[in-house]
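Given below, in the form of structure tokens, are the structures.
Okay, so subunit A shows up in both of these, paired with subunit B first and subunit C after.
== the complex of A and B ==
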């Protein structure tokens, strides 16, 4: 579904991504783990056109998307939940969710998808008329994920969904991620919480200062002593 | 009492017009954090094109009643200012999108001068009278008088403001505009073409500006190539008073400023023992601007919702 070939990214004077290869197949949940500043977020931003690559190529469903403007990716099925959630704090919860359906015109189906998100997150239904900025961090993450679902993603990119959330909320968010994966949405999950990410994913990539240094099944990575020492705190 | 009521009515008329113009400033600021100082000139050009259209139609013996003639002419002027607003953003501001803030600000002032000079070349440096095509009936309410034109201005302003708020609050375009104003990067991720939204914002603001320009010209019976400067500055003051970037604030600020100015000028002579007459009414707008900047720089309806995202 997605192939990243020798991708290089340099911006703001930093050579953040130094020739990486990634592959994601239909139906997979792939984790991309690594320390702060390893280039994970830059990689995701480049996939959705927010940052232009300096070299290499990105193929999504057989088509090169490396030079596509940011706003065209959603219609293509490539959807990102940005780091820090990126909700519109002065729009209501429902308006935020509807922004996810911005490029869609199938009103009836949008309504259905909205109901589905409300079933998934009953909390959001209670607060649909509230300004999103007044919600808790966990609820905002629910808005961000719900909004992405309204874009009907073929490939969903999640950037640090656990960031800044209490452990119990993180568990809840990851439950939802598993549910979405079970529904057949392909996902690339970027996380600093490597343990949780690998427990959730099928496969994983490890990124260190702009390079992919390891790639394996999630099980093998969890069992890898080097990974345990460096990322799992064991 | 009748003088007071009279000043409230006058203030409401002028304030509504300020509100229409202030919206143009505040919408652009909301999305680009840019004060489009050329907006006053858009207002002026809207008035000028409308007057030229009316004169052209009258000169060619088109037999229409005054209000219809005016409506047709405004309908001609609106696309002109919308195109101009679009071009200003596209040609002058967009290349500077990533430049330090001072650059587009100076460009805005430069543009404003260019448009003023262009207007003097087309319409001359003298006052251009507003054609006497509108009825001049006067109504009496509670000792104050109001012309049918003023009634029409108040009604028209209210209708346009309502329409704009419905557009911003109830439509998909409006939602995208608000989302873009808060976070252009995230809006882009949702599939919003931010450049299109910015162009639309300039065009909507310019359309409102054209209407406001005509109302100013009709209210004062004249237009002038430099009229955009003062009216633009006042509307900018109104936008700051309400809280720049906030649409409701622009309307509140406009109406308040109109009323303050009107009441102030009405009593200025008495207050200063006849030393200053009502021709000094402009003092009030700038006094308000200074006071707001000192005591409440975020304006009356400035940002209050927590930004936790």
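== the complex of A and C ==
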């Protein structure tokens, strides 16, 4: 579904991503883990066109998307839940969710999808008329994920969904991620919480200062002693 | 406030009565007061300012881009109208371009103002907040200075003297510069202009309302909230921001054209920075982003000085026996004071939108409680 070939990204003179290869197949949940500043978020931003690559190529469903402007990716089926949630705090929960369907015109189907999101997050249904800024962090993350689902992603990119949330709420968010994966949505999950990410994902990539240093199934990575030492704190 | 509300049954009656009131208003004013016609002119100006502040409201209130040079678009509209409808450029322009039908003049004024809006918006897309405010401030000055100095190398704007002899409006075979008899009632020019401006003002109010509840309206709010997230949701943020500038500018252009047709004369003096500030005050005082609020703000800010002028002088004569302060000076003093008080007591404006109110009076207690809710919920699910 998605192939990243020798992708390079530079901010001014600084190379943040130094030639990485990634592949995601239909129906997979892939984790991209690594420390702060390894280039994970930059990689995601480049995938959705918010940062222009310095080299390499990105193929999505057989089409090169490396030069596509950011707003066109959503209609194309590649949707990102930005780091720090990025909800519209002064719009209501429902208005936020509907912003996800901004590029769609099929009103009836949008309504169906909205109901589906409400079934997935009953909490949001209770609060649909409330301003999103008044929600708790966990609920805001639900809004951000629900909003992305409303654009009917073929591939959903999640940037640090656990950021700034209490551990117990992080667990809940990951349950939701598993539920969405079970519905057949392909996902790339970028996380610092490596353990949880690998427990949830099918496969994983490890990123270190702009390079992919390891790639394997999630179980193998969890069992890898180097990974355990470096990222799992064991 | 949305359209469904407005056209619901109760609203319909109040809307009709409001319409009727606005229709009779000029008669009451011009016959009920001694200096009625000058008050009616003040009302015309108030209507023009309503259009201006609704235009600025799109840029500042919806899209959240601080614009200190908005009066430039008003100037562009006014000069476009003036140049096409006065003898000033007769020698330069081909005859078919001169004295176009009124509607064509208005559309051209709106269109050219729109182009200027994009000219301002294009290079400043990446700027926000104070930085954008400074650039727009400069833009407003540049336009005014050009108007003052473009009498050389060839005489385009006639410099500080401005453009005179702007033709009165001709519409449907009527000359709005002369009294007209309809059904035995004599309509004075000042009444006719009032109705003309009222019509355009109503049009702009309706367009504003439709925009507010449209996809575009929501997109503007989303961009104001979080541009990156909006972009991630598939919004073409660049075009949507440019559209805000263009729409706002064209409202200003229409208002400017009507101003030129009403005055019969334009000069750079009418477009100083203070005017930009005044329009911004109207929007902020009334309630940014809320159409009824902005209209209220425009009426208050534009009518009050007229009333003050008629109150202060007699009052001074009665109290002190002579003129102590010039009403114009006192007006600014009072105005500044009122603005400070409003900003302290009611920063969201006199009639804010629910959104803006929530933003300035956050329910912090609510958030804390919900956070706790959330935790308990998660715990329960985990047990």
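To be clear about the criterion, the second predicted complex is superposed on the first by the 232 of 234 C-alpha atoms of A that agree within 3 Å, B and C clash if a C-alpha of one lies under 4 Å from a C-alpha of the other, contacts with A are read in each partner's own complex, and residues count from 1 in each chain.
Throughout what follows, contacts are C-beta pairs under 8 Å (C-beta built on N, C-alpha and C of every residue); 3 or more make two chains touch, one makes a residue touch a chain.
These figures come from a predicted structure and were not determined experimentally.
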Subunit B versus subunit C on the shared subunit A, clash or fit?
clash
Which partner chains sit in contact with A:138 here, subunit B, subunit C, both or neither? Use first/second/both/neither.
second
For A:223, select first, second, both or neither according to whether it touches subunit B, subunit C, the two together, or no partner.
neither
Once the structures are superposed on A, label A:171 by its partner contacts, choosing first (subunit B), second (subunit C), both or neither.
second
Let me test your reading of the model: by the given contact rule, A:109 touches which partner, first (subunit B), second (subunit C), both or neither?
neither
Examine A:179 and indicate which partner it touches, taking first as subunit B and second as subunit C; both and neither are also allowed.
neither
Would you mind listing the overlap between the subunit B footprint and the subunit C footprint on subunit A?
48, 50, 69-75, 79-80, 82, 86-91, 95, 98-100, 102-103, 131, 133-134, 137, 147, 151
Subunit C-facing residues of subunit A, complex
48, 50, 69-75, 79-82, 86-91, 95, 98-100, 102-103, 123, 131, 133-139, 147, 151, 166, 168-169, 171-172
Contacts from subunit A onto subunit B in the complex sit at residues 48, 50, 69-75, 79-80, 82, 84-91, 95, 98-100, 102-103, 131-134, 137, 140, 147, 151
What part of subunit C is in contact with subunit A in the complex they form?
215, 218-219, 221-222, 225-226, 228-237, 355, 358-359, 362-363, 366-367, 370-371, 373-375, 377-379, 381-382
Touch list for subunit B against partner subunit A, complex:
172, 175-176, 178-179, 182-183, 185-194, 305-309
